[in-house]
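Contents: one structure, followed by commentary.
Think of it as A, B, C and D in the order they're written, each chain with its own count starting at 1.
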Amino acid sequence: MDRFGIAVADINGEVYGVGDWEVPFSVQSISKTFSLALVMANDNDDIWKRVGREPSGTPFNSLVQLEWENGVPRNPFINAGALVVTDRLQTLTGDASTTMLHFLREESGNPDLAFDQAVADSEADHGDRNAALAHFMASFGNLENPVPSVIEHYFWQCSIEMSCRDLAAAGGFLARHGLRADGSRLLEAREAKRINAVMLTCGTYDAAGEFAYRVGLPAKSGVGGGIVAVVPGRCTLCVWSPGLDRRGNSVAGAAALDHFTTLTGWSVF
Amino acid sequence: MDRFGIAVADINGEVYGVGDWEVPFSVQSISKTFSLALVMANDNDDIWKRVGREPSGTPFNSLVQLEWENGVPRNPFINAGALVVTDRLQTLTGDASTTMLHFLREESGNPDLAFDQAVADSEADHGDRNAALAHFMASFGNLENPVPSVIEHYFWQCSIEMSCRDLAAAGGFLARHGLRADGSRLLEAREAKRINAVMLTCGTYDAAGEFAYRVGLPAKSGVGGGIVAVVPGRCTLCVWSPGLDRRGNSVAGAAALDHFTTLTGWSVF
Amino acid sequence: MDRFGIAVADINGEVYGVGDWEVPFSVQSISKTFSLALVMANDNDDIWKRVGREPSGTPFNSLVQLEWENGVPRNPFINAGALVVTDRLQTLTGDASTTMLHFLREESGNPDLAFDQAVADSEADHGDRNAALAHFMASFGNLENPVPSVIEHYFWQCSIEMSCRDLAAAGGFLARHGLRADGSRLLEAREAKRINAVMLTCGTYDAAGEFAYRVGLPAKSGVGGGIVAVVPGRCTLCVWSPGLDRRGNSVAGAAALDHFTTLTGWSVF
Amino acid sequence: MDRFGIAVADINGEVYGVGDWEVPFSVQSISKTFSLALVMANDNDDIWKRVGREPSGTPFNSLVQLEWENGVPRNPFINAGALVVTDRLQTLTGDASTTMLHFLREESGNPDLAFDQAVADSEADHGDRNAALAHFMASFGNLENPVPSVIEHYFWQCSIEMSCRDLAAAGGFLARHGLRADGSRLLEAREAKRINAVMLTCGTYDAAGEFAYRVGLPAKSGVGGGIVAVVPGRCTLCVWSPGLDRRGNSVAGAAALDHFTTLTGWSVF
């Protein structure tokens, strides 16, 4: 629990880091940012007919909101929404998890990135809640692929192992207003800004308001202890430290980002 | 419904505008931004023990969330939260609504600002829902003053009449990182940024995510048809047009702000 | 907490009892049965346009259900529903609490029954939750009288002091299919049966299913520790013991009724 | 939609009927009464550790209540609860649906009763919502068998075709305080009464209170248009008419039962 790393990738692709910044960890929910970007790159705004953009309120209400809103999840970063995004990526590409793995290898410049089979299998063993969400959305007609296939690709995506260095580099397109590492365009500037907006309002579970208040940057966290944050036009950061608060965000990671924006004044506000 | 005005106040206090930018309208919920600022100026962070900073999810859930979270409203911009903030301002100043009126007169440079008694009375006639919220919070011990007094000051604050010009000028401290029109400090830079963060995540009713996605600026709307938005370090805007969407935000006002950030590239993302 | 009394009133008006059966206690929610009967006696079925007949699910959901169902409480035995019934009795009689007191004096044959002013005042001091419910229903147009007046009469009704003897006698009309102690008709047989049905499905807070399962009799409990139960066509019982379970029902009282139906076989099932 | 049948089985096993009383229809949710009885016959009270006995409030809340109560359904007659009962019957017998079919053949005296494969298959094609419920409960550890197996047996049970005659006869043990058609004991008298209590408080979807109020008998309805009702100690009825109200209960069937209790005075109240 006392491990900590931080990496900063500037918009030219240079990455700097300290601490355990090259130690790989499980990206978990951070993968939701990349699957959303890949779907938006292929599909323009169509995904927003199937998933909303509003924060989700308390976790306690997630299921009732899904029912209340006819199977349309509130945003792409809660599990239900991420399943819809993965489902769409599967339809668009025929292999959602491999598509993401190849994208992350290219953007991070690390050809050794891989799925962690043990992690994916372990999640599958405890996947009843995600299966419940997927079947529930299917009952509203909001899934295009069979539930087991969607669940499987979702777990594989979450199981990818990356370091702070890898993630800061791979998230560079969010700071470069949509340009990939090789200078080609993944997303329109407008689209990249919009992913940042969704990260800021929905990226850190039920603590998005708290995170915006303290840190003031778009960010996406994962239960592996990683957090990716963006200073638009300047840099992408990734922090990692395994100890989580009760909402599922890295305690030391959030504190480091708070400190970072206080020192640099680089909060978006 | 075809009236429209927009005003921009730069950080030096110059205000420019077009259309009906000098026509007064009822500030309504925009007043919640000012009562929050006045409480934070006097009370540091204590208010956050009595009100949260998280978006509220669907309006449908507002009461159940209040019960679930023991009478602590999710944020200061839903009605329950604003009642708590007004209650605190009343305790701190002895006269919450007059304190706000004087502050708005000074910051806008318009000594003629006044309450609209007819509007305040009309709201009092239909105030059962706010009375319900206030009594409910009182049952959890989260009000310091008698319910009728809190409700009354809340309605007076909402009834203040201001134009786009007045509001853009009065909200200048949010773009100036806490400095008032006369150069004195109302809030620490950190505190002003944090109010901007709460505006971005919670300022436009149940459309905050949508608003961040399309406009990308901290903003607070009111059912009078006004919206105040902030470009930190640059300017404060106010748009006004009475036609509202189903969430209570000005349709033409939101479109104008969307257009503005697309043209200028001044989204915070 | 070790006090216990039980009384049985047969349909001829004879009352038998053991233990503390003549000790007065606060009737509290048991009064809801009598206010419902008095409204139905005057108003036929009109009250059912303003209050439902369905069990209310978890207490946690009570407010959200009230919102979901447009201010119409689920049944007359939850607080919101009882406030509507008292409001109607107030409209019909001009003095809801005095009307009930006189009725209870006549049916019990005890002219000394009285309000307990200290109890009523104490509830008024902590009445914020009931005030919240009343204002909330008023916001939906489901109250005919001013909130403070409805609340006051409601508290007075709850504060009446009666013994097991008094309550078993006063509830005799429920076993006599609507006939009062003097043989005159208060309710149609059909109406009396229907009050018994509402008691069985909704009369013991969130434990009505459990109570039907164990005891099998229509019953209404109060937080004063009393429970009135009905064996239709045979007798009315009242038990009293102050220790409550987590749902607000008398522990020893429920156990005594369970024992009674097991011994006699007089469950309605 | 203009078909109608009614059958009455007295406690000696004689069955009388009029109209379409010998036309088979799909038992659907009426099967939940029989699976509960079969589990209680084998398992005493253990099932109540895994399913509650309280009415469920609005259908809207069913999922949130399941979450709020840690995967324990409110009662055995909502779908979630029936899945738990079927799961337990599967564990106890190794073949839940065949066990029920054999039981129903014996009690009805009709050896031709059979599953309707087309109905079972059709439900499986649209079974996402039940799969969601089952996975959700599995995530709380409240299923003993694999989700697909539980779902399959549940659908088979619902698909059994029976007439009013068959169902009135098969439900005879509920009027005979637990004695089977051949005089042997299926359930203790206490247990049979308790199933009647659960039927009265929870047997007709979200209209149990309304049903108790109007009809005053323990009853269980199904979306096939059938309703089984019990006059304890006297007879078991079954009505059938396909037109359903918005809660899923047969309109003509409920009216017929209302008429029956008004004429006979055989309401339990």
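Simple rule for what comes next: a residue touches a chain if its C-beta (ideal position, glycine included) is under 8 Å from a C-beta of that chain, and two chains touch if they have at least 3 such contacts.
If you want to know which protein each chain is, UniProt gives these names: A, B, C, D = Glutaminase.
From a predicted model like this one, the values you see are computed outputs, not experimental measurements.
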item: Reference chain A (Glutaminase); chain at largest CA-centroid distance; value: C
item: Chain A (Glutaminase) and chain C (Glutaminase), separation of their C-alpha mean positions in angstrom; value: 55
item: Length of the line joining the C-alpha centres of chain C (Glutaminase) and chain D (Glutaminase), rounded to whole Å; value: 32
item: Mean-CA-position distance for chain D (Glutaminase) and chain A (Glutaminase) (Å); value: 46
item: Multi-chain contact residues (two or more partners), chain A (Glutaminase); value: 60-61, 64, 68
item: All touching chain pairs, where touch follows the definition stated at the start; value: A-B, A-D, B-C, C-D
item: List of chain D (Glutaminase) residues in touch with chain C (Glutaminase) within their complex; value: 52-58, 60-61, 64-65, 68-69, 74-75, 190, 192-194, 196-198, 200-202, 206-210, 212-213, 216, 218, 232, 262, 267-269
item: Partner chain D (Glutaminase), residues of chain A (Glutaminase) touching it in the complex; value: 60-61, 63-64, 67-68, 126, 128-129, 131-136, 138-139, 147
